[in-house]
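Here subunit A shows up in two complexes: once beside subunit B, once beside subunit C.
Presenting the complex of A and B:
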């Protein structure tokens, strides 16, 4: 019987989803993903979290919890950095230990990714595969295949988005962490509201990540959170192709609080608003802010036409 | 009509967009009753005019805009930022900056060439809004309407931190216990509202004159004066500064008019709401059902159309 690996559909799933699924399938495992985020999961996750934890971390715990008993191991990787000035939020460093302590009954598997400590991506996945009893060659072939699948999927999303930039409608760049933008419970309803009002949402993570990290330097030279670099870089790349920018943040995210403030102060030639999401976020407050912003963007277009 | 969290405002405009009837009442947590009572008073004021008046369009804004919009079959249902901008521009076409402080929201609207180009709004908390002032007034045992004049009598305003209502309260209690007079405390609160507003909403924004200050809190002259002191610009407070949202909603309705005459008897129907938690899926949406004479008119709060219709159709 195939080993069942549970993958929480939260956090970096929205960055590496295809890679992880392909990797585990290639080494002969069966995948169980959690459901799309819903309110029950958020509430369960919040109950199991300390109250100072950030909204997406609470959601993550809700996803892990829902996988307990449905698989042999739950996959909870630890991401520390991709190099000296390309670090991840501390939350990703502590995630494995948090989950292990909150749900001691769950069997976890994962890896440590910290390029500055010689724990590269290859080494991380090699170790992961070995704990599942696979040979080095199989693991490396699986990883190569998985990376190709992920790259192809990323490429496809970028191309689709490039097409949207050519559209005539009001275009709004959602600049945020991918796990906020694409979460079906917190970010996607916002994107749906944007569409309902006749505007086009564009996503900062559907842009070339390598290019984004480069272009981020135009706005700030010493950011070191890699994922913030990517969303800031998307702003640098596309600020003149969109009508407005929405900075989405989750309460109380430290890196977003700092970096969004920086963007609000430095990006002056295009309308920018920040929307902060929280557990209690009422749809009404969100609708008012969004509707006003889109009204402004429409008026600006009319005035310049 | 501008149905806010604290107060409900209504105006009737003639074709030249001049106010011919107006009313301002407390919402008291019951927007349906507030809208009904407001309609009654507006009808009464119209009855006192020398000519027959036909209302040919209705617009709603404010946090209960949707509810009131359904109740009145409104032609325009618009967010507060746009309504306030439109209202103010009809009176001050040259305005560049609007400060608006209401019951639970504070807004900053920037205008260029008669077009709203940017805005800021308080995020998660209501510190530094009307709710903050009225809770502190209650604490000091004075009416919120008296705060402005009282503050202007102060010679030595107390320094109070207004970043958070909880801190402000402890700050204020501390100052009171150390011997500050009431007017100094109130003056400190009014200044704190302004510093908090400018720190929160004004940061990074260029404030240009003419500056118009409106919303319920604009009726407080000490807050208006503190704005002048902090920004260095004269601050215009219109005699209808509390009605700008309603005026804007009326103008938007005029533009969107569908050509049907509004029937004031809308106020006589029975409206009710009922909220329940939909158990249809794990999202457990809180669905608000809105009924007219016992018949379901609309629902909101549901993320999908699959809410429990049987449950929704029942008024209890």
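Presenting the complex of A and C:
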């Protein structure tokens, strides 16, 4: 019988989803993903979390909880850094131990990715595959294939978005961590609202990530969080192609608190608002804020035309 | 606030407060810049926090707010070079944001960052040279060494003070001695003097008479470093505990951060509780809590500023650890607006509970380490 691997559909799933799915399939495992985030899941997760942890972390625990009993192992990787100045948020460093201590009954598998400590992507996945009892060649081939799939998917999304930049409507750049933007419960309703009001939402993580990481330093000189670099870099790259920028942050995100403050203080030539999401989100309040922001953008465009 | 007189082109250095560490830092800066002046920011007050909170981002941790408050008060008094460090968690990015906030407020100053890469000895030396420090690398290192050793001496005696101060026959004698020592450290300029100070105060600390009841309560303190080290930010909880005649053990200090930290070892010391390092000092919090549990301490107080990511990562682990070792843990979170009465009430309830537990489980195996007074070694002596 095939081994069943549970993948929580939260956090870095929105960055590596295709890669993980293909990888596990290629090495001959069955995949169980959790459902899309919903209110019940969030509440369950929040119940098991420390009050002060951030919204996406609570959601993550909700996803993990929903997977317990439905699979053989739950996949909880640890990401530390991709280089000296490409660091992940501390939350990703502690996630494995959080899950392990909150749900001791769950069987976890994962890897540890820390480039500065010579734990590269290849080594990480090699270790992961070996714990599942696969041979090195199979694992590396699977990883190669998985990476190609992920790259192709990223490329496709990027191209789609490049097309959107040419459109004539009001364009709004959602600059945020991918797990906020693409989460069906917190970020996607916002994008839907933007569309409803006739504007086009653009996503910071659907831009060229490599370029973003370089360009981010134009706004935030010493930034070292890789995911923030990507969202800030998207602003640096596209600020003149869009009508407005929405900084999306979860309460209380550690890195966004600092970085968004700096962006708000430094980016003055494009209208920017910050929207902070938390558990007690009211859709009506959000819609009102969006509406007035889009009104401003429309007026602004009319004035310049 | 009265402004100091400043000559043209004179550099006036300032830095944020953290506990009593302004003493060695001010001394270090004086040594580094004989031509400049050092302005120790006014002590932290309610006003400092108000100023800091007003100009800080919404959900930033309290240390950021305290720092901004200190900077503004120092700038108002005439400082024109501000110093910030930054390591570990988001502390590494404080500097850049704070610089911008203060610039937006219209102040003119230079910002000297010793964060991350800049904190490496070579880069730090170049930074000091750029600001006009006339010293050779050897001299630079000597001064850094003196500052480091001062910090170590401070923390050594502070550790002893915390453990004994609740039992001094004449209340306040430890604080008095510690204050005298700080005065002397403020003037120190050679390593030889430092050694003399250490010897002298080892002697006088050991001469202070203490009377410990046989059934004293012992509490270990762990958590995020700034909140632990800046008594204003934790509402003087250690003094409060001393008033209840409790032995307070806190290993975390600047000396621990500079010399005692060993991530790999402390990760190992967390035992089965942690597999990976979750950022900043979270492993130390867990490892030390486990140690307190093993030594049979009566309770642990875990303190952090609101939203501290690494410590929040450690908290689920501490929950389990507390259960396994049967040691109560009080979790306190401070955000600069924390109500003093509220914290006091919780602390009193915690202490009452510890006392009751002690009575109930008097001869039980719970207090594994026995009731004998145990000296945690603390920062190396």
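As a convention for this text, the second predicted complex is superposed on the first by the 305 of 305 C-alpha atoms of A that agree within 3 Å, B and C clash if a C-alpha of one lies under 4 Å from a C-alpha of the other, contacts with A are read in each partner's own complex, and residues count from 1 in each chain.
Throughout what follows, contacts are C-beta pairs under 8 Å (C-beta built on N, C-alpha and C of every residue); 3 or more make two chains touch, one makes a residue touch a chain.
Because the structure is a prediction, the values reported are computed rather than measured.
Here subunit A is shared; do subunit B and subunit C fit on it together or clash?
Fit.
Check whether A:94 is in contact with subunit B, with subunit C, with both or with neither, and answer first, second, both or neither.
second
Tell me the contact category for A:296 with respect to subunit B and subunit C: first, second, both or neither.
first
Can A:167 be said to touch subunit B (first), subunit C (second), both, or neither?
The answer is neither, since A:167 touches no partner chain.
Under the stated touch criterion, which partner chain does A:138 make contact with: subunit B (first), subunit C (second), both, or neither?
After superposition on chain A, A:138 lies in contact with neither partner.
Considering only touches as defined above, state whether A:185 meets subunit B (first), subunit C (second), both or neither.
After superposition on chain A, A:185 lies in contact with subunit B alone.
Determine, under the contact definition given at the top, whether A:276 touches first (subunit B), second (subunit C), both, or neither.
In the superposition, A:276 contacts both subunit B and subunit C.
More subunit A residues touched by subunit B or by subunit C?
Larger number of subunit A residues touched: C.
Tell me which partner A:288 touches in the superposition: subunit B (first), subunit C (second), both or neither.
After superposition on chain A, A:288 lies in contact with subunit B alone.
After the superposition on chain A, what angle is formed at the C-alpha centre of subunit A by the C-alpha centres of subunit B and subunit C, rounded to the nearest 10 degrees?
Between the subunit B and subunit C centres, as viewed from subunit A, the angle is 80 degrees.
For A:40, select first, second, both or neither according to whether it touches subunit B, subunit C, the two together, or no partner.
After superposing on A, A:40 lies in contact with subunit B but is clear of subunit C.
Once both complexes sit on top of each other, what is the least C-alpha distance from subunit B to subunit C, rounded to whole angstrom?
Nearest C-alpha pair, subunit B versus subunit C: 5 Å apart.
Find the residues of subunit A that appear in the contact set with subunit B and again in the contact set with subunit C.
251, 265, 276
Write out the stretch or stretches of subunit A touching subunit C in their complex.
Touching subunit C from subunit A are residues 50, 52-54, 78, 80, 89-91, 93-98, 100-102, 104, 112, 220-225, 251-255, 257-262, 265-266, 276.
Quick check on the complex: what are the subunit C residues that touch subunit A?
Of all residues in subunit C, those touching subunit A are 57-61, 89-90, 92-97, 100-101, 104, 113, 115-116, 273-280, 282, 306-307, 309-310, 312-317, 319-320, 333.
Given the complex with subunit B, which residues does subunit A contribute to the contact?
So the residues of subunit A in touch with subunit B come to 35, 38-41, 185, 189, 251, 264-265, 271, 273-274, 276, 278, 283-284, 287-289, 291-293, 295-296, 299-300, 302-303.
Touching subunit A in the complex: which residues of subunit B?
On the subunit B side, the touching residues are 63, 66, 78-82, 113, 115-121, 123-124, 203-204, 281-285, 301, 303.
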